[in-house]
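All chains are identified by letter, namely A, B, C, D, E and F, in their written order; residue positions are counted from 1 within each chain.
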Amino acid sequence: MLVVAEDFFKHVDAGNTTNKLGSKVTPVSVNELFGLNTLGISLARIDFAPRGLNPPHIHPRGTEIVIVIEGTLHVGFVTSNQNNGQNRLFTKVLNKGDVFVFPIGLPHFQLNVGYGNAVAIAALSSQNAGVITIANAVFGSTPPISDEILAKAFQIDKNTIDYLQNQFWYDNN
Amino acid sequence: MLVVAEDFFKHVDAGNTTNKLGSKVTPVSVNELFGLNTLGISLARIDFAPRGLNPPHIHPRGTEIVIVIEGTLHVGFVTSNQNNGQNRLFTKVLNKGDVFVFPIGLPHFQLNVGYGNAVAIAALSSQNAGVITIANAVFGSTPPISDEILAKAFQIDKNTIDYLQNQFWYDNN
Amino acid sequence: MLVVAEDFFKHVDAGNTTNKLGSKVTPVSVNELFGLNTLGISLARIDFAPRGLNPPHIHPRGTEIVIVIEGTLHVGFVTSNQNNGQNRLFTKVLNKGDVFVFPIGLPHFQLNVGYGNAVAIAALSSQNAGVITIANAVFGSTPPISDEILAKAFQIDKNTIDYLQNQFWYDNN
Amino acid sequence: MLVVAEDFFKHVDAGNTTNKLGSKVTPVSVNELFGLNTLGISLARIDFAPRGLNPPHIHPRGTEIVIVIEGTLHVGFVTSNQNNGQNRLFTKVLNKGDVFVFPIGLPHFQLNVGYGNAVAIAALSSQNAGVITIANAVFGSTPPISDEILAKAFQIDKNTIDYLQNQFWYDNN
Amino acid sequence: MLVVAEDFFKHVDAGNTTNKLGSKVTPVSVNELFGLNTLGISLARIDFAPRGLNPPHIHPRGTEIVIVIEGTLHVGFVTSNQNNGQNRLFTKVLNKGDVFVFPIGLPHFQLNVGYGNAVAIAALSSQNAGVITIANAVFGSTPPISDEILAKAFQIDKNTIDYLQNQFWYDNN
Amino acid sequence: MLVVAEDFFKHVDAGNTTNKLGSKVTPVSVNELFGLNTLGISLARIDFAPRGLNPPHIHPRGTEIVIVIEGTLHVGFVTSNQNNGQNRLFTKVLNKGDVFVFPIGLPHFQLNVGYGNAVAIAALSSQNAGVITIANAVFGSTPPISDEILAKAFQIDKNTIDYLQNQFWYDNN
């Protein structure tokens, strides 16, 4: 089959942020744009309503670099366990034109702290970096993780775990 | 400096499981065994008291393959977000001689469900795979993540978030 | 030295397009943002005046994925030599929200064909992908390439080669 | 086809060491455990009778890290040719809990020097690291290597080469 | 299908240099020798008539190392854009037995400056490194690049561009 | 320090084959040509007297592709252990212009079976592929491998092992 220019092309519209989280990620990975195959990179547009949150998540196979196109974002990531047993949090408030890096595999988040909408473009160092929304993966998996495990891991009683596991976990990707 | 056989050697003892989680990971990564430098592999011994838990965690730079040396473990991992918005959980009960794989970057855990102690040997596909204990990274980071973010991400009130952030988060690595 | 959030941050302003080419690339590679070290990705903002051109160039160490933020761009890339001796050209007119991929090592260009300015965000699959502006490298190198070589390669007389080698070759990166 | 937990699971029993070498390697590579595909790691259990030998061999595509579970092993590896024309030998006696590294592509061996059986767990930095048992490959290949080549390479007469080529070469993998 | 020795074998004859450029590249890549698959290397024989030129070209996926077997070559490569906006040219005259390296993705060329024919063997760090003959790709693509783009990029009038685009662009690979 | 063209250059002369093996390898790796650093390729010239042998050896970090410049070579490589416990031998007689591939990590050899001298150019898929001459590494290591190990591995009495360990092992690299 002959390759054509359209194989390297994809249009991206603003995402619909009318949801629990007030944010929407529109990915352009190899799943959406086949010309990315073997090329080790992908892109996403992220839209935020006011106070909209892209909740703590992990890309298991890619570093993310983000640039703010519109609005103001509070962003951060947490390091892996340090020698002193801590996980350090790095945060920054980003405005239009600001660029920030979230290293591969580390939990990170973005919150719209401006008055209006916000838009960011993110690039990822994989054709298909994957997304694990942490709360969804831990409390909303199918089937659920044993509540003994979650109660001990999160230092919280089983009733609260059961309550959490019964929530609806929206995936904004 | 001349290289010697000791540069490729390290002794590993049983870990002390007298702690909140009832488990202890003893790593043999490039930090402990310099001869692993550039070689793309490392190892760990994991000890469990009865009901001891190696809580949900992520290795940002490595796949883990584990073999049970003694005891009985309930193990599992959660996939990244699927097209239907779900995160699938895969679990298995492992006995002596059983081998299981936790793919790179995915949250996984091990719980001792036998009557006695349990011991496993884990190998990782990186000289320094890193560990992110999820609950610790999310609720125990230094400084803490904004409770607005965690309350919205975990669908839980800020009081509970604040309670969680004030716990002591033990790192078993 | 302790790592801080600023190590992962960089601000990018609009580039000055008042030059021969009417375009300006503002890179955010590991040279500008040290936190990108080892992470395999970088970013750039590209500004275009009306009819501004980002001339045919090559990134020797990276694939580029670009999204149009404002304006209308005519973009294209040329393949490596095909079995029939041809080099195929792939082109597309991109508007706001359109995404396009330029595979690693292939010559590509972007021309602003709209009435106003244009802005694009490009991401590259390397912390330092490199740029070779083809005309500059071939006709403006220091010292110059022998005119015998260029005359034979470009099927053009040596006088024209000498004329070209005496031009000022502006680098918009 | 839906992926299931069993795709990431394999049981390993003790190997039968009643053979010429007194050792048996039981691999868990991608050939035995399909879930290892693309993940860059594999594992093996190695059993030794008293004086049992895992003879000099090479893994062409992987580094090995080994931990002794039971017994006492004399282990070693030989470096590639040094500037002075030598090949250095590194050896160590390992007891229970000792860990040792055999770098990728280097000839190495393990000999049970204790009174009872010995067991080791080895991990390899490839989903399918390959094994070349040196004596088997050199003297037991199908068809045989020309005895002119082996006589000159091993500084030994052709009769001895022919004798060696007529032995039964047991593969303990 | 059983693998046989012929899968790792290919014969290479002298190339026919009776053409515009006076040179001929005879590649032995994975396209010609299937046993190179996944092995990350390939080879080529390059023949030159007197004053024969292997014109400025790029291998998008491989470094080249060349050794002169016969004759005298003037060789060179141009760096990517430097901080001062320059592209540096490195050249050397090579005689029989001389070895030279052309780093991945950089434009390079070889010109026979001796009295007789010249022959070189080149190796490339990819099973299929690709070739982009710069003049052919820029002025001889199918379809042609817009002459507005080339006129602006090469600082030359559209008539000359049109003249160049109407030449026959011989591919010596 | 400014990079110069000489950093990418090295001259190679014919090797002296007046030695036990009747062959000499003259490497151009990163040790001899610093410009190869990070570029993943290197080269060697191999000279053979009549019946000269490049004895069975392994490159732990590289595939080799060889082209015969002069003479006639009998070449071969042995696979890693197959499922049926065999190691398959692939051989071929090569004449001038013939190209052959020795995949990474596999034992291989070249014997001059022509009437005159022979010359080959080899390229390797690493800046420093390493060489392990098998007989030297096994019987000539410093210090020697225990004769118990070698006697059992090679199915030969300890007296013959001791005799072999007392030979002079010439390294033709």
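We adopt the following convention: a contact is a pair of C-beta atoms (placed from the backbone, for glycine too) under 8 Å apart; a residue touches a chain by one contact, two chains touch by 3 or more.
Not measured: the values here are computed from a predicted model.
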Contacting chain A as well as chain F are chains none
Can you list every chain that touches chain E and also touches chain F? none
If chain centres are mean C-alpha positions, then the most distant from chain D is chain C
Tally the contacting C-beta pairs at the A-C interface and at the A-B interface, and name the larger one. A-B
Among all chains, whose Cα centre is located farthest from the one for chain E? B
Return the distance between the CA-based centres of chain B and chain C, expressed in whole Å. 44
Please work out the Cα centroid separation of chain B and chain D, and write it as a whole number of Å. 30
With centres defined as the mean C-alpha position, give me the chain D-chain F separation in Å. 22
Going by the touch rule set out above, which residues of chain D reach two or more other chains? 76, 103-104
Is the way these chains touch best called a line, a ring, a star, complete, or other? ring
Ring order of chains, beginning at chain B and proceeding to chain D: B, D, F, E, C, A
Where on chain E is chain F touching in the complex? 3-6, 8-13, 28, 33, 35-36, 39-43, 45, 62-65, 67, 69, 77, 90-92, 94, 97-104, 121, 123-125
Under the definition above, what is the set of chain A residues touching chain B in their complex? 20-21, 51, 53, 55-56, 58-61, 74, 76, 78-81, 85-89, 103-107, 109, 111, 130-146, 148-150, 152-156, 160, 164, 167, 169-171, 173
